[in-house]
């Protein structure tokens, strides 16, 4: 197993070719890096086990063609501004590497695939993020770029995939869920917010308008079986079978020809991806909502009850947003 | 519980604000009202029970934010020209009221959510309806406006939702069906007709082209379980659980922030609603079909067997349209 | 039961009207006919049984309004250049006949609905096919025209519907599968190819982007039950019930008014069919892939193991494309 070296996509094994170096730092991005408190933290630890620990977001090369991106931000696997340059580096590597064919997104945190945005990290500043390459704000920008990668992306969902976690899963090409342990949701409306990472554009195309509206306006937790019935995930599998299923599928895809994969995916992209212009208004709507008293009050109510801390509010967020009153 | 006062959206309780008055009567609509035999019939009866009876279409306020619209036109809950101004008033109230967040459409008639258009009320005149606000004919106009309300709409389907009933359900944001008692269909092709209220535009977007064509060209009755498997409804529930499920969901949504609901729904609308221009040709196609001998003969055959009267033809319309011969 | 006479759509019974003659041979097509080794082979055999055998593709008239098109190219029901003029004749008849209302596509070959393109018939020449009426290459041209027929098309899937078979099924209005014996797949990516007959445009619209990508990039066999859950087929039925179900539905539709069927279908077409321009690049992508060493090597590996011959490779192609290595 190979690992990600600091600041590049070079593997520690094999003969790196120039094309496999990631040249990430545009001027805008470099400026941005100086502004956030935490920056990309890919350490070069080696590890004899199957899992390489390299910081909050780990990029693990099972082989040249099969990578994993593991989110490891315990205890809740929240996603915040500090994770943006980390994920940006990962996405850039996936965009530029010539050999990678499939990437699996998963979690190293028990109970949480990725939960929500970290609202304690100064979200108010976030409207000054420099736009990403697509012109979108960084989070929806990276998600849109993941959708268009010439690489097959798979979300392996064990634990809560709510908010950002659901949005990453929806931006992935395929999603597989633990029947017992996966929970998907877009809980934001329940807190007076509007989701910002693409689900209004992506969910109705995936599961139909009616169920998309139930997910988004009902804002409740959705288990693995219902997610499969609705097509929110490709398949829901018994938890003990999930890892093998995804690993086998990833290895299978990794054995195929990259050009055939990329050409076929590209034509599906044309037929099924929302245009970036459909995603643009979501981030603006999120910022607008964040500025309204309704959201401030609801977020405060949730914080008072235990939001952003391990416990029942985070474990059953769908229930708690329904208890805040009108 | 509050009720709808005659000719306005003012509740009988609370302090009505000017914005909550409905100003419905455009010139065109006023002219139209003089032409139909039955006009809006919202009576101000009070009722100590949970259900307020105020005419054929009842608007019941469970609270400022949670309304019900109950269709009560026994014995078959047909929908005809007389119901158009009634529903127009309801839709206008939903469009202009600043506090309503969720509306549930249901039925007070055993066995029928809403069945089909009332063909005994002079449908031939209907091609002279003045267009509604969208430029569409009144029924598709109101359905298109329901889809775009800044209010969450839910159809609670118990009994037959066929023709207009299916079209109202499809125009609603979400649909929940009784597993034992719901029947959905677009039976029109079986009578030589073409549906006129939007299903050719809405069904393929919701359940895919293949199943939409089976519903529309097979013209058969679809039970609750199959409707759920196909996504024709969000969920099919045991009949005894249906009311509580919908009521709990409506109360939950009513507890959320209206702006967050409306902003999120609006972005889903952009991603998933058919343009009005896709619905325009349906009414014309319906009128064209009505003028053809095939439809006249088939409708007469159905009438001869009991159509428009309580009994087996209405209860198993899918079966009977298959018995008319080629 | 009637049958197709050689070179026209005239039935052997009834009074043929001029409109029922098919005038197929455009100059381009005639030129094409001289180039392929095998041409349309509709023989005028009569048969006292329910099934008329008239060559590789049989057009069987159960009645003026209900036709069957049966693929009978044992042992594998492959589809190749020789079948193009045969299917062209069938499609032209369906386009021009004024009485046919419903057509069922099925197979006379045990184990195979239609499997894949016949790669041993000189596929390299195929990039010189004259374009069909839509401007598309002949196979996607005919499939696109089937989708727009003023006739209801149904694929009855028993056995493997892989590659071309899946593409024909997807171009049909409805698909019904044997729960035990149907297998659908787009295996092409597994052989280094790109599907060429429309599935990248059609599958995501039918079953959503995530499952479409799993079908197309996973390239594995999909059984009847999973195909139903995903909406890849309308319904999966016990094998012993499949024939009666499809026959009853076809007879039901054949009893309806053709104008009502065609007008309703046309409006669904507007709402749900991909534009031809979305299908155009698929054939080009297939030819490009065929020219790459990866595909040549993989096809050769498959041939070495038994591809194009009855046996385990053809019966479990999804498994075998996963065994070719990276």
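Letters A, B and C mark the chains in the order given here, with residues in each chain numbered from 1 onward.
The rule is short, and it goes like this: a residue touches a chain if its C-beta (ideal position, glycine included) is under 8 Å from a C-beta of that chain, and two chains touch if they have at least 3 such contacts.
Given the structure is predicted, the values throughout are model-derived calculations rather than measurements.
**Student:** How far, in degrees, do you have to turn chain A to put its CA atoms on top of chain C, rounded to the nearest 5?
**Tutor:** Going from chain A to chain C via C-alpha fit gives 120 degrees.
**Student:** Since chain B and chain C are copies that touch, just let me know if over half of their interface numbering is common to both, same, or not, different.
**Tutor:** Homomeric contact, different residues on each side for the most part.
**Student:** Roughly how far is chain B from chain C, going centre to centre by Cα mean, in whole Å?
**Tutor:** 39
**Student:** By residue number and range, which residues of chain A touch two or more other chains?
**Tutor:** 205, 207, 229
**Student:** Which residues of chain B touch chain A in their complex?
**Tutor:** Of all residues in chain B, those touching chain A are 65, 152, 172-175, 205-207, 228-229, 231, 233-234, 249, 252-257, 259-261, 263-265, 267-268, 270-273.
**Student:** Spell out the residues on chain A that touch chain B in their complex, using ranges where they run on.
**Tutor:** Result: residues 188-190, 192-195, 200-201, 203-205, 207-214, 216-220, 229-230, 274, 278, 281-282, 285, 288-289, 292, 294-295, 298, 321-322, 324-326 of chain A touch chain B.
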